[in-house]
Every structure is written in structure tokens, then in C-alpha cells.
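In what follows, a single structure is set out as C-alpha cells and then discussed.
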């Protein structure tokens, strides 16, 4: 990582050493917000942003995301987590408390099409994507120059379906070595094994080049052209073992007309893929997403 | 039809008695535009708007739509058509020459959900949809008041899949009686038989409440909810015998988030369905659409 | 009001007799959410949806909207309000607690263009806009039939700038008589006096036919055409005494191209005006809007 | 320019050596299309795409853009231009005939914000923007590395309003030296003198960071924040001597809400600025734009 970006990250960490986020989901009942907010108040935390949603007033699921400022958070975080367990157990909560200064580490997987990688690198360089890009893994060499030019480690691991297992072993080893929190498939074009996916639940984000569930699988632009659609789209989703069936994080579309051939669709599509993936990654990195029953709540 | 709208139509016919449209598709080769434009010039026609598109410079298909002003068109139209045959044969053209003053006659089919019908009636009343609404056919009585209130004939024909053939016989008879050019399925919710479809090629326009090819078939909003999509849409298309597989005319979408339940999706969706269907009908009525190999060219 | 809609409102009131909304804004400090949520919990209220936002972690303004379910709300509402005063004073809150079963009463002002009125009536008839349309006031007779056809009182009050004061006296009298909570200017095209506006702070919602602050004032479509813009828009805002300068609630746009003349812009614009106004009214009616320093927070 | 892109350009030139574009505007009358298409046919040209538009059937202005394939164009172009003069004079045409293989040469002017430059470089590298980027001129050094890394000449010319004339003299000299057809102000942030503008009519394209005519002039995001708009936008236009008043080529917007502060608006805005400018440049480079009375016809 080059120095100027290291400085940016350090500055961000300093500015956010008291900033925390609490995400909770649990069966709905009265008293949850009261218990959580009293807990935060008792630690002198000021709630800056809070979003809450319940699936159903009766017998539904309760979801909340709170961003707060808490003096001395760095020192208190561990004990706060410890003390929150009591509340969590009382309400049967799934929860996480994440200090904002712990910047997430991402691995980006790419193949030969670099536009999604480029967008992420760009957002990252301009300080708009606050994550550490720990490494880039590719089954091709084309991305090496741009990645290493930014002092980001680049790992070339040739891949095809016959050697999938060995490839993934190497990849998993690298992910562990770099202590990665998030895997971005930025048009990686290789299918992952159930093992790999199971090892990284809700941590792998893919960009699919269609508005799912239309055009699941290969060659969506060719099929969009064949069908004569007037809109093309892109979908970012968490990866599960059902191809292109994981929880959708974000989608967008662009209008096209009869003059567009497959190449034109691909060109127009690139720009949607770029922005849809970038938004999804930002929301993930800012702890805005809760996954529930193959859907996302995006706060 | 009430008098004020009759006046509007008469006024439109008077204003457009010299206005014509020529639509052509044929194998591409040099000289087509030249031949057509010389033909029009020789009849003193002034080209007001012309859009042309070829699928491929070599061995492709040529499409053109020309709107022109031609003094005395009303008297000349038949002889122009006669004379155009020579050019058409030379270039193996599919073509039609439509005088604008011949306002198209539409039949609207509805079921119980009236929002699409309402939108069309509204556009029609405000003079934005220049067609004669010859009649409304429904398998329910709910639309009767609003339709008859506008002095449009309303025909109640109960329908279900067991009596499909008798129902369609009655419908076809009415379409003939009213000399209908266009059939709009404004959320009609009944499947048409191959016979009915074959009798009305590229004349039946449907609105489907999803961005096709996602959620083909029944209950698309329920399935969109189940899948957790972040966009919902609507698609207007010509009806063929493959369910929801006909040539797409127009599509649009709206963003939704995790707070939307099925009812909310339906409410948001209604407004997209309304505008997508209205645009498709207008383009059809203005002779802007050429169907080619299950796709539409919309000029 | 016709009976079927009266039934719909009664049903809604019954379903929501325990549903309340609390809106608060105050200087930010720790403990606000805790105090509010404890208060609600102490009344057995279950928080269903909560949105919060602070302008600034230090010295900023805190805003929250909470929707809750509280058994026996109808009986308890007055005493809850009474008890909340203590919290409100402690934190210097602006606040309101609104029971959902108290459906708001709206007056719609129109002139000769009826598309915005029609959209509201339609949403209202289909149960998507949960308000009582208490009366329609117009300086023209054109809307009478459609309004009275729905059994809504229609008041014709001719207006022009010379008799502004007498006109507004009549209007204010009617608003009092019908106990109106909300005034919708659905393309009313008359300027209101400072007196009238002062009497109805944050209660008058206007639709302006441009994306403000572009084309403030009269004839925005003509000026959009003159400027050759590629987008046209509409803006819904609360009315203040600065023409078209009040807090913006919602805006939207549509793409246009060089082929659009002023009439086409108006036609396209109508559909944006309709949906922008309808969304703004719904948000107001659902108590989703807080006005702060000439801006809106829309939860 | 690096070799791989040189190859791309050479390949494009080879593929398009017979491809030409004819743009015409003139007073409308019958016979124009006929004369043009006969002319093209007489040179064996096949019309691939043609778009035409008239402002008014009677006494209006006629515009047409034709893209054609003409064997031996490279050799014939000059004599075709010569022969077309007769038709042009007969109909009082403004016209240009541009061979596609003559790739346009662009100069990009930037200041410190590089996102628009980056987008153009990116589109250019991926072959989506078929122009020669002849040079980049900046009043800051920040862009040097990225520009020279792509083997594009970079010229640093410090600028401020006191030395405007000397600066522009140097710039005009460079533009002549590099034989530039198009000047892109990719967030250049300096005002040009009437001299400079007059020397380059309809050849300077600017990106303004608002949906014009809203927020003309400086600091549009700050003013958008102050006004509390719910949409922000960007506008690409030809530069004239009225600040931000030149013919609009393209505009787009993004939705924002109350949570966005000025910095957020700028981040969101960058992505709109990038795509709006890129589309405008592409349309210019593909000879899709005709300027008429401070408006653009974009075919």
C-alpha cells in the first residue's frame, strides 16, 4: 500500500477511534430499543444514526443498526461487548458491535475484465471506500501492473474447473495470511466450491451482469440481446452455493434500445456493474447490511 | 363516446389529413432511401421525421419510419399505395403506409384491477392518446360505471379456462363488429388461445407486472418479494403464443427496499405498469414500432 | 364522501387504534433515545419502525421518528402526551405524538389543470392515500363533476389578484369549518398572501412544475424549452412567503430530447407532477416529514 | 501514446475507411432527403443509420444525420465534398461530411479534481472512446503522473485570472501545434476569455456540476446543500461567452436525501459528472450533435 493512502487510513482511524456500530436482529417484543439505548447511555455513548425495522408488529423479527460516538471506545470496546451479552441473551439476539477504527481488509478476485477492479481502486484512492485492499488474486496476469503500481500485493493463481480444489487451497491460505474480512468477486468468472463458500459466510460479494433473477448464469448480455429487452442491469449479492441465488444487496439498470448490439450492451453494462458493486461494497464496509433468510436489510 | 372527445378526434383528423407514415423493412442494400425519398418527393410530400436503422452494414436488415406531410393525401393515398408496390417488390419490402387521419380503434380488455384502464382513459380524455376506444371487454362488472360514464360501450363476458373458446368467439365477434385495430390487455389476467392470437398478429399488447424475463407467469410481485429484489418492474409486449415471451415494447422499474412487503410492491408497481403500458400504446398508435424476429424496433 | 370509502377509513381506524407516531427534534446529546424508548416501554409500546438522524455528532440537531404499537393507545394518548412534557422540557424538544387513527383532513385547491387532482383522487379511491379529502376548492368549475361524483364537497370561489383578500377569507372560513389539517395546491396557480401562509405553517404543500431552483416562477415548461434542457422535472414543497423557495419535500425528473416542443414537455411533465405530489402528500400524511431551517428530513 | 492504443486506433481506421457521416441543417422544404439520398446512391454509398428531425412542418428547420458505407471513400471524399456543394447551395445548407477514419484529436484541460479526466482516460484505454487524446493541459501538477504514464503529453501551465491572456496564448499555440479538434474542460475551473471561445466555436465542451440552469456559477454543491434539494445533477454543454449558458448536450441526476452533507453530495456528484461528460464527448466524437440557436439536436 502506498504511503499517501496509509496516511489516509491512519487519519480515518484517529478520527473514528470513538465511533462504533451495533447491529442487532432478534424476535420482536417491546423493550428492545429501551434496553439497547439505556446500555449505550450508561457507557456515555451518543447515538448518531439509528435505523430500525420490524418485519411484523406481532411475532416478527426486529432489526436495528446504531452508529454511536463513545468516548474511550478503544479501551472500553471489549468490556462493552462482554456486558452486552446479558441483554443479547435476554432477547435472543444475533448481534455484532464493530469499532469503526478497525478498518476491514478486503481481497479482490478478478479475471480478465478489469472495469470493476478499476472502479474499486479508484474509489479507494480517492478515499471514498474506506477499506484496506489487502491483496488482489487473479487467474490472469493482466491486472498485475495496475495493482502493483498502487503497491498492493498481486497473486497470480491460474484456475480452471479441473484444479479448483488446489486453487482454492492456495486462495484460502492467502486469505488467512492477510487476515481478510471480505472477498470481492469483481468479475472473477470462476465458480467457487461449497467448501470455499461455507468458510466465508456473508463475506463474499459478487457482481452479476444482469438484473437477477433474469439471466442467471453465463453470458447474460448475449441472452439479453437475444430476448430484446429494453433495460439491462447488474446485481450485487452475497455468494451462496446456489448460483446467482444469494441475498441481493443492490441492483440497477440502464435503458437500451434496438440499436444496441451485444458489444454495446456490454459497454453500457460495465458502467452499471461498476457502480452497483461499489455501492454494495461500501454498504458492507460500513456495516449497513443484515442478512436474513436470503434477503438483505440495508440500513 | 362523449361529444367533447368526438370533437377532439375530429379536430385531430382535420389537422392531420395530409399527414402520413411509411414503415419499411427489407434486406439492406444501397439505394433504398433514395428510391423511397424520390417516390415521396414525386408526390410533393415533405419528410418531417425520419428514423432509419440497419442491423448490419453487410447482409443486414434495413428499417425505416418516415412521417411526411403530403398535400391532398386523403385523395392520393390509395394511388400512392398502388404505385409504391413497384418499389416494394424491387427491394423485397415489408411495408405499410398509414394516413394519420385514420385514427386507430382499440379494444381494452380488463379484469378486476383497473389502474391500467384508468391511466389509458385518462390519457385519452386529456387528448394525449389519440385513438378511438371502441369498447371495453371485461370478465367482471367493476369497470362498467367508469367506462359507461365516458359513453364507451362496455361488454361483460364472464371468462374462465373451461369456457375459453365460447368466450373468445364472442370477443372476436365484437372485435369484428367494432372494426378494432388494436387489443390492449390492461391486466386482463386470462390466457388467450393460439387461435385468438393467430387472428391478431402484432395487434395484441399486454402489460406484465415484472421486468421480463424475470418472473414470467403468475404472481410476479409475490415472487419478487420472495427473492428480495431491490428493483421491481413492468413490461409491455406484443402477445404471442409463448407466455410472456412476445416482442418487448417497453420496460421500466422502480427501486424498492427491505421495508416493502408484497402489498407495497403492488402499489409501487401499479404506477410503473400504468406508465409502461401507456407509452407502449402510444408508440403503437403512432406507428413507431416494427416487429422483427421477436424484437421491436421503436423509432 | 361515498360509503365504500367511508368503510375503508373506518376499517383503517379500527386496525390502527393502537398505532402511534412520535416525532422529535432537539439539540443533540447522549441519552435522548434512551429516555424516549424507556418512556415508550413504560407504556407497553412496541417500537415498529424508528429512524434517527443527527446533523453533527457535536453540537448538532437530533431528529427521530418512531412508529409504535401501544395497547389502549386511544385511552392513554392524552395522558402520554401529558407525561412526555417532562422529557421534552429536559431535552428542549420540538415534538408531536400523533395517533394514527386520527386520519388527517385535506383540502385540495385546483385551477383548470386537473391531472394532479385526478392522481390524488385515484390514490385515495384505491386506498393508497389514507386521508379524508374534506373538500375541493377551485377558481374554475371544470373539476366540479369529477369531485361531486365522488361525493366530495366542491366549492367554486372565483379568484384573481384584485380580490385576493376576500377570496382567502372565504377559503380560511371553509378550512376552519371543515377542520382541515392539510392544504394541497394541486396546480392552483394563484399566489397566496402572507396572512394565509402564516395561518398554515408547514401545512400547505405545492407542486411546482420544474426541478427547483431551476425555473422559479411562471411558465417553467416554456423556459425549459427555451433553455434546451435534456431533463424536465417537478418539485413538491411546503409553501412559505418566498415564491417557490419553501422546504423541498420531493423532486423527480424525466428525460426529454430535441424533438419535444413545449406541448410535449407539458405532457411528459404532467406524469412527473402527479407522482411527485402524490409521494409528498403520502409522506406528510404518514408523519414522515420534519421541517428544519427550510429543509425537510424525510424519514 | 502507448503502442497498444496506437494499434487500436490503426485497427479502427482500417475498419472504417469506407465509413462516412453527413450532417445537414437547412430551411425545410420537400425534396431534401431525396436529393441527399440520390447523391449518396450515385456514389454507391449505403445508408446505415439516418436520423432526421424538423422543427416545424411549415417554415421550419430541417436536420439530418446520415451514417453511410461507401466503397473507396478515402479516395472519393474530396470529390464528393466538391460535388455536394451544388446541392448544399440549392437548399441553403449548413453541412459537414466527415470520414470516420479521420479520428478526432482532443485536448483535455484539468485542474486538481481528476475524476472526469480519469473516466475519459479509462473509456479511451478500453476502446470505448474513439479519439486521440493529443495532450492534457493543467494549471496543476497532480495529473502529470497518470497522464504521462499513458504516454500522453502533459503540459503544466499555471493559471489565474491576472495572467489569463498569456496563459491562453500558450494554450492556443499548443492546440495549433497538436492540431486539436476538440477541447474538453474536465473540471478545469478557469474561465476562458471571449477570444479563446471565439477561436473554438462548438469545439469546447464543459462539465458543470449541477443540473443547469439551477446553480449556475461557483460552488453548486454547497448551494444545492443550502437549498435542500432532493436531486443533484451534472450538465455537459458547449462553452459560449455566457457562463454556463451554452447549448446543453447532456444532463443527468442522482437522488440524495437529508443525510447527505456537502462532501457526500460531491462524492455522489462525481459519478454523475463522469458519466455525463463521457457521453457528451462520445456523441461529439461520433458527429451526433448539431447546434442550433443555443440548443443541441443529438441524433
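Letters A, B, C and D name the chains as they come in the text, with residue numbers starting at 1 for each one.
By our rule, a contact is a pair of C-beta atoms (placed from the backbone, for glycine too) under 8 Å apart; a residue touches a chain by one contact, two chains touch by 3 or more.
These figures come from a predicted structure and were not determined experimentally.
Superposing chain A on chain D by their CA atoms means rotating through 180 degrees, a value rounded to the nearest 5. Seen from the C-alpha centroid of chain D, the farthest chain centroid is that of C. A count of C-beta contacts for the chain pairs B-C and B-D puts B-D on top. If each chain is reduced to the centroid of its CA atoms, chain B and chain D end up 37 Å from each other. Touching two or more other chains at once are residues 49, 53, 259 of chain A. By the touch criterion stated above, chain C contacts chain D in their complex at residues 53, 211-215, 227-231, 233, 247-253, 257-259, 294-298. Remark: chain D residues 28-34, 36-38, 40-41, 44-54, 57, 64, 69 touch chain B in the complex.
Listing the residues of chain A that touch chain D in their complex gives 49, 115, 118, 122, 126, 128, 259, 267, 270-271, 275.
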